[in-house]
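Dumping the structure here so I can ask a few things about it.
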Amino acid sequence: MPSRKQHRHDQPSWLVRIGAFAGLAFMHIPVLVIILYAFTTEDRTYQFPPPGLTLRWFDVAFARSDIWQALSMSLGVAACATAIALVLGTLAAFALARAKFTGKDSIAALFVLPIALPGIITGIALLAAMKLAGVDASFLTIVAGHATFCTVIVYNNVIARLRRLPPSWVEASMDLGADATQTLRYVLLPQVATAFLAGGMLAFALSFDEIIVTIFTAGKERTLPIWFFNELFRPRDRPVTNVVAVIVIAVTLIPILLAYYLTRPDDEHETAR
Amino acid sequence: MTAAIEFRGVSRVFGDVRAVDDVSFAIEPGEFFEMLGPSGSGKTSCLRLVAGFDSPDGGQVLLDGEDVSSVPPYDRNVNTVFQDYALFPHMTVLENVAYGPRVRGVDASTRAQRAREMLDLVQLGLQGERRPAQLSGGQRQRVALARALINQPKVLLLDEPLGALDLKLREEMQIELKGLQRRLGITFVYVTHDQGEALSMADRVAVFNKGKLEQLAAPRELYTRPATAFVARFVGGANVADATLAQSISGTAQPFAIRAENIAVVPESAAAPATGISAAGVVVAVQYHGAASRWQVKLDAGDVWSALITEEDSRALNGLAVGTRVKLSWPREAAVTLQS
Amino acid sequence: MTLRAASTFFYRRPYWYLALLLVPPLLWFGTVYLGSLFALLAQSFYRIDDFTAQVVREPTLATYKQLVTQPANVDIVVRTLVMAITVTLACAVIALPIATYMARYASGRMKALFYVGVMLPMWTSYLVKVYAWRLLLAKEGIIAWVNAKLGLTGLLEAALATPGIGGPSLSSSYIGMFIVFVYMWLPFMILPMAAALERVPGSLLQASADLGARPSQTFRNVVLPLAVPGIAAGSVFTFSLTLGDYIIPSVVGAPGYFIGMMVYVQQGTAGNIPLAAAFSVVPIVLIFVYLSIARRFGAFDAL
């Protein structure tokens, strides 16, 4: 159906217009500034405007072994946490998408709780449990913490997609002779695939960037955000920190953008009516 | 001859609602069977029980004489055309139609060939490579039909398939479907809330109301001899007199129905015909319908009844405007006694 | 057993199928997550022995008592609560023009630009954003530079000298914290607000104009009340995120402690897990109270 351009009698007042654009600009300036600072030649203070621009901090950063260690730790944690999350989140989503049974609402609430409560609660709770159980902090405890809220992300994405699927499609498939596995393979999976991937990418990005829960569960291990956090208080080679910031922005932003484009409702592939 | 489908005392309950309430009937093979009723009457629930998307809480559903309550949909020789067509958007039209053979293990070239034949049967031979989203509503409906028929089911279920089409297309499709059923010779079970559709297409109609089967009969009998007040009103919109009204009109407390076209309108002063029954009232509205006029009269005894009289007779009553008093009269045998 | 037979097996027993799907995630969430929460609760009922500095695992209310009776602790809670509320209010006010413009006046590409423009900062790394503000707020940073150019340095110093909102420098003051909090949670307020505003049918505005209302009256009487669920939903985020945050107060913090910092510090150097646990129960309780209030304003429908 062709869209009708709304004839607007109401035009926004100047106040609203300025407020909107100024607000939007305000939201972007800080990050742009960081990216700028990654190129500054001044290495002791946060002087503005930067006295000069250079690329040498990138070389310095890439030569630092502690940065590489933290980076590989972060990537490893994110990969493991995302793998666990993809399995658990998808199972949970399939179970709850259209089920009706007593206790469903409580279970659904349970699956949302890790991101509903502040990260510090999850962090201190995990630490409390670790102390009570006598478990030491390690790579596994970090992964355990991350996998929990990553599962929620995957669950949210997959269940949203499943709920948009008309139930008649599954019925039609079975009506035509396909059993549950065939229906899953030919009808459900092609539809859910994008949400599954998007959930996985968001989970990866979130795990990579995570600091709050990680601090409690990491002990002596250092992920890149932890490295970063420490640098905030002992600034040595400030511009190197800025370079790492630019790396973090890139590694987290790209999967998120991809996930966003994957999950925008794509009319041709979603509707058949 | 074993019934193609049989319901024996079937019930389906959702919480407090009895969607299907102790329903029993049998559908003969090769019949064009329609299930008619308002929304929530249980007709769609019954259809789903036949298809296998739901199982009964009580009673038995038999296909070809066998109880299928625990048989999943993919093992039943029954196929469905859904109300929203349920075409798979990520497959082409051809792939949609070939889906049935595909999941039963038929090889690619054979099933493509059969799919093309089916598309020709529904006159969509050239649309095979397109996607459902690119087709019109009427075309999608035919794809759904082809997809369901390719498995050569014994029974085809149709869940209000024409609801989304405009009037002209709907009428064309009604004729096509009826012709298709005759040619294929398989049993069609058709669900609709449109009594006009039921009357024009079906061999027999089952009228549902609030989970119960009110009457099962051929269209002609349904129309001329409705069993209950609900059927009388729902099929053809008859005037219905309940016990009290019947008492004041005819003297006995036997509920009856009288079709609008069987009622004559006469001025109040005219003498009552000897063999008829009449009821007096005030004219509330006169609706012009071209060849006929519908007169709405509020009876002294209570309800508003309508009489459908020809244009000639209506002109003869010229002068009887809204607000004047008239008498409605009809021959005694035109009234149909109702059971409830 | 062939796949088809397995399929039919589960078709006849839907509850088995459900159990098969739910057991792994439930097992995980039950033990790792719920288990941890119970451990937290348990720890809050323990206490730390002042002499041995060990956790005494006997149920007691001593830690909670310590929490509510020591004025320093109560200060911490109040300070955090006040910051959470002011941040929420500020976010609501700043988000209003942005959300209104996005939802009602922008269309097509401008609208997409706004949506991506709001979500982009939300998706950018949290730590990087905090760090960016540290740069911005630094004595030699941008804000100081802009201030100097505009001649507002005197005003800034007066603000910083004000007790309760000021601090030694912009990058370690309540004002600074406030600015950073508002910046961080702004997208979380904008998006539900815009969604709620978008759901106001245009026909309502036309009806209002038809009945004689001026645009500002229509806004106040028709649009704003219908946007309240969106505002409530957004406020849930800003409130709970501020309440539990400890990174921002430590990076841009004034001398006074906040709940999050307290939790962090107590479990760290002091090793006083029971007190940390008790402190962390406070935000949980406050958030639940806030959620029940927000629900009455329709927040749950707008999420």
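First chain written, first letter: the chains are A, B and C, and each begins at residue 1.
Following the convention adopted for this analysis, a contact is a pair of C-beta atoms (placed from the backbone, for glycine too) under 8 Å apart; a residue touches a chain by one contact, two chains touch by 3 or more.
Nothing here was measured: the structure is a model prediction, and the numbers come from that model.
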Centrality ranking, top chain (CA atoms only) = A
Between A-B and B-C, which chain pair is linked by more C-beta pairs in contact?
-> A-B
Chain-centre distance (mean CA atoms) for subunit A and subunit C, in whole Å, is 17
Chain centre separation (subunit A, subunit B; CA means) in Å | 53
Whole-Å distance, C-alpha centre of subunit B to that of subunit C, is 56
Going by residue number, subunit C touches two or more other chains at 7-8, 11
Note the residues in subunit B that touch 2 or more other chains, in rising order.
-> 72, 74
Residues of subunit A that touch two or more other chains sit at 179
Using the touch rule from the top, collect the residues of subunit C that touch subunit B in their complex.
-> 7-8, 11-12
Quick one: in the complex, what on subunit B touches subunit C?
-> 70, 72, 74-75
Residues of subunit A defined as touching subunit B within the complex = 166, 168-169, 171-179, 182, 186-187, 190-191, 267-273
In the complex, subunit A residues that touch subunit C = 5-6, 8-13, 15-21, 23-24, 26-31, 33-34, 37, 45-49, 84, 87-89, 91-92, 94-95, 99, 101, 107, 110-111, 113-114, 116-122, 124-129, 131-133, 144, 147-148, 151, 155, 179-181, 205, 209, 211-212, 215-216, 225, 228-229, 232, 241, 245, 248-249, 252-253, 256-257, 260
Residue ranges of subunit B touching subunit A (in the complex, touch as defined) | 51-53, 72-74, 78-80, 82-90, 99-100, 102-104, 131-133, 140, 147-148, 151, 164
